[in-house]
Amino acid sequence: MSMKKNKYESLLEPLQQELSNVARWLQHTGKRLVIVFEGRDAAGKGGSIHAIAQRLNPRQVRVAALAKPTERERTQWYFQRYAGQLPAAGECVMFDRSWYNRAGVERVMGYCTPAEYALFLQQVPLFERMLVEDGILLFKYWLAVDQEEQEARFAERAQDPLKRWKLSPIDLEARRLYAEYGRARDAMLRASHTRHAPWHIVDFNDQRRGRLNLIRHLLEHVPDVALAAETLKLPPLGHAPLAERYTTKIKPIRSYY
Amino acid sequence: MSMKKNKYESLLEPLQQELSNVARWLQHTGKRLVIVFEGRDAAGKGGSIHAIAQRLNPRQVRVAALAKPTERERTQWYFQRYAGQLPAAGECVMFDRSWYNRAGVERVMGYCTPAEYALFLQQVPLFERMLVEDGILLFKYWLAVDQEEQEARFAERAQDPLKRWKLSPIDLEARRLYAEYGRARDAMLRASHTRHAPWHIVDFNDQRRGRLNLIRHLLEHVPDVALAAETLKLPPLGHAPLAERYTTKIKPIRSYY
Amino acid sequence: MSMKKNKYESLLEPLQQELSNVARWLQHTGKRLVIVFEGRDAAGKGGSIHAIAQRLNPRQVRVAALAKPTERERTQWYFQRYAGQLPAAGECVMFDRSWYNRAGVERVMGYCTPAEYALFLQQVPLFERMLVEDGILLFKYWLAVDQEEQEARFAERAQDPLKRWKLSPIDLEARRLYAEYGRARDAMLRASHTRHAPWHIVDFNDQRRGRLNLIRHLLEHVPDVALAAETLKLPPLGHAPLAERYTTKIKPIRSYY
Amino acid sequence: MSMKKNKYESLLEPLQQELSNVARWLQHTGKRLVIVFEGRDAAGKGGSIHAIAQRLNPRQVRVAALAKPTERERTQWYFQRYAGQLPAAGECVMFDRSWYNRAGVERVMGYCTPAEYALFLQQVPLFERMLVEDGILLFKYWLAVDQEEQEARFAERAQDPLKRWKLSPIDLEARRLYAEYGRARDAMLRASHTRHAPWHIVDFNDQRRGRLNLIRHLLEHVPDVALAAETLKLPPLGHAPLAERYTTKIKPIRSYY
């Protein structure tokens, strides 16, 4: 049975607090964090990224959701445009889909050649090992959803105008090619589930539970981030709060609500 | 009196639906949208951006929250690093603070010279006119909050560990320099409130009401975006939903919840 | 009569020395220099850039020879990709063709719409004024060549395999459209020959003479760059020069010459 | 005995012609070429790059001479900023110093930690293998010069104002640390001379001979690039060459020569 919203929110709150500690720790230590989100269409990548980023500093925590490559990019080193997105000291970058596109949609839909695909499976562990050895904390999550649940979500997207954009022609193909995508995923997991950069599969048949589990897992696997709690006491203002006053003639917009 | 969460959410929902239409329209027409968010510290920029982005495609709608410039960037053309963030066809970019830094924090804290400041005030209308004439839809919002309310939010940030990161030493200075910031804002409004790129001031003493008003204002000022409603009917799957099955030995992570 | 190679080289040498002073002065003062090279095909842009860059530090003096825009770039703000190439403190950037493409080849060949063209002519003086007011030293040279001489160079390019790459299908069109290109050039000069960023026309019917004149003109119009001559005396080595010795087994390549 | 200029130029000419064929072949096949130039200070990297680039299309053949990293870049994945410079289809990029900085100047001058250095030596063969497997043609040249010759060049640089910029304080240190640089070079060669990306040592005690040998070596090791010779015959112009005529009042600059 799916988790109720109220319960979800009360469970999420303390996790977001811990994420905030992690962010503070990154800042303090200059560590870098990369989180890769992959999974079936409609599994819940966007919502999870959202739940993590929501309360954090956007100048520190960034989402990399790359558009499809330009013609020029398509001829460059495959990892080049992803490498350009990697974090600097203290930053966290969350990849909403990632270099694993090549092992998923590109493979199944035939957007890359078999040779490019084979090369990717061979290079991806090396690429990731270089990042990890360079000191980047790398987490890779696969968000799993059964077809029955996926069908329900597709149906909702088809009907709900707010979610219509999430349903692309490629998604419709993905329904037809559900089994092929499963095989591609397994080949990918086999090739890239390594000691330095293991995959973590998370059950997202219940999205709220999935998000909580993913975040909790992340928090348990980040190195110990305890920092002496900063206490902060604001000095008194020393005068009555000032009234906002404009010396221009620009009027505030009307209040609709 | 501040708006209740339930009411807020029920009012936000239809606005997000309209935003979704705008996004579809951008995609369709190749139009580009830039939204600039400026305002007092703690006014509510991040939350507003969030409310807009939440249900939209991250590959289409991007947040530009630039870190402070590197030493090299500091010597380049002032608008250069912002120009690099401008949208391509069909995209929306929301600036969480923007080139107006020079007229706010840089001015008040003395991070730029008076000459650089004067030059900025002179160039910014030209820069924006070039973008607008190039076809970019440009909206600039100033989020207003009285010091009494700002003080309450600062106090909350000081106490709430989840919000601690939002309180920087510069914010503490901002309390002391509240009046100076007000004067800087007015000089900025005077110099850059132009016919092609006017400022819109939004009262954010109640954050929820502020967000709703801002979004509603935006929606009313975007050109008519009505697109024939796409009806979409999923073809039947043609077989029972497939069970997810892994051929690797990687086990899902434990369920904590 | 065209200048002899020996004479050219002996005249170029002292100019390059002065260019070296300019570079040192840029470094010292943090000034930025932009030189725009435009002109008829085969006029001699590449050779001129070469003559300037040849003896200077490539980490300081850069050539921006942008490839044709990607599809994505074509939908962005027209000046965006050029703005990304502008110099930081102490640098010089030479544009081998530039944003003026829009007023030349794009105009004549119909690669942009009349509205885009008109907008460019209107915006380019503003864009350049912003750069100049920002402190960038901007020089714009038009390299002029008569069709008779251009024909001779085209013929040489057609025959000389080393120069074949310089002859593109667009160049062949340029022969046919010589008069149109002339008209486009004049419209461009009229729109963009401004007080802060004037055009300088240089006769390149004799390439060597053209280069010398261009460089000399540049040197005469850069602000006074006299810096106290640095005298530098190497301290004695203190021992006999060491013999190069390798502890690996890699052998030098064979000497062909 | 060092090669005479006349002889050098007559030998260089046919090599540049072959380079031009290589460039045409790159264009045709979409292949990518990377050439890394490393070596002792004053060995002749710049001049060699120059001799190669001189007659080729700057839109196709690029020099990557990166400035020292910004503070932000210094905290990113070490190879990140170099990866951003790699060629797209049909392009050639020549690195005037490269990622090997870490094994040379950074090592000897202590600009990186021993751990960073050790990691670099371990990662560089993997990084290069990824590029080569991706289809990039990678050539690495070490330009060798004995200290006696190097001393002579340093002395010339100290005296010749045109060459003064080539002499930095770090170069002066390099004289003192000649032996250390030699050891660092050998450690580098040992770690990174691999089957897929071997080093080629070229004797540059005579710069002209060195350049010719390097280019000849490159030409002999590029895959067979023979393309059916394009014959190109210009169609007749059909009218007398047009006289250049300006309809603006801008006068050509004065002729100094």
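In this document, chain identifiers A, B, C and D correspond to the written order of the chains, with residue numbering beginning at 1 in each.
Definition applied: contacts are C-beta pairs under 8 Å (C-beta built on N, C-alpha and C of every residue); 3 or more make two chains touch, one makes a residue touch a chain.
Just so we're clear, the structure is a prediction, and the values are computed from it rather than from any experiment.
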Handout entry: Chain pair, A-B or B-D, that carries the greater number of C-beta contacts
Key = A-B
Practice task
List the centre-to-centre spacing of chain B and chain C in whole Å, with centres computed as mean CA coordinates.
Solution key: 40
Problem - Centre distance in Å when chain A and chain B are each reduced to the mean of their C-alpha atoms - result: 20
Problem - Length of the line joining the C-alpha centres of chain B and chain D, rounded to whole Å - result: 44
Exercise for the section: Any chance you could list the residues of chain A touching two or more other chains? Expected result: 67, 72
Practice task
Counting only chain pairs that touch, give me the topology of the graph as line, ring, star, complete or other.
Solution key: complete
Practice task
Quick one: which bits of chain B touch chain A in the complex? Just the residue numbers, please.
Solution key: 3, 11, 13, 16-17, 20-21, 23-24, 46, 49-50, 54-60, 63, 65-67, 96, 144-148, 150-151, 154-155, 158, 161-167, 172, 175, 178-179, 182-183, 186, 189-190, 193, 198-203, 209, 212-214, 216-217, 229-230, 232-235, 237, 241-248, 250-257
Completion exercise
As the complex stands, chain A meets chain D at residues 30, 32, 72-73, 75-80, 83-84, 86-90, 119, 122-123, 126-127, 129-131, 133-134, 136
Practice task
Over in the complex, which chain B residues touch chain D? Could you list them?
Solution key: 67, 70-72
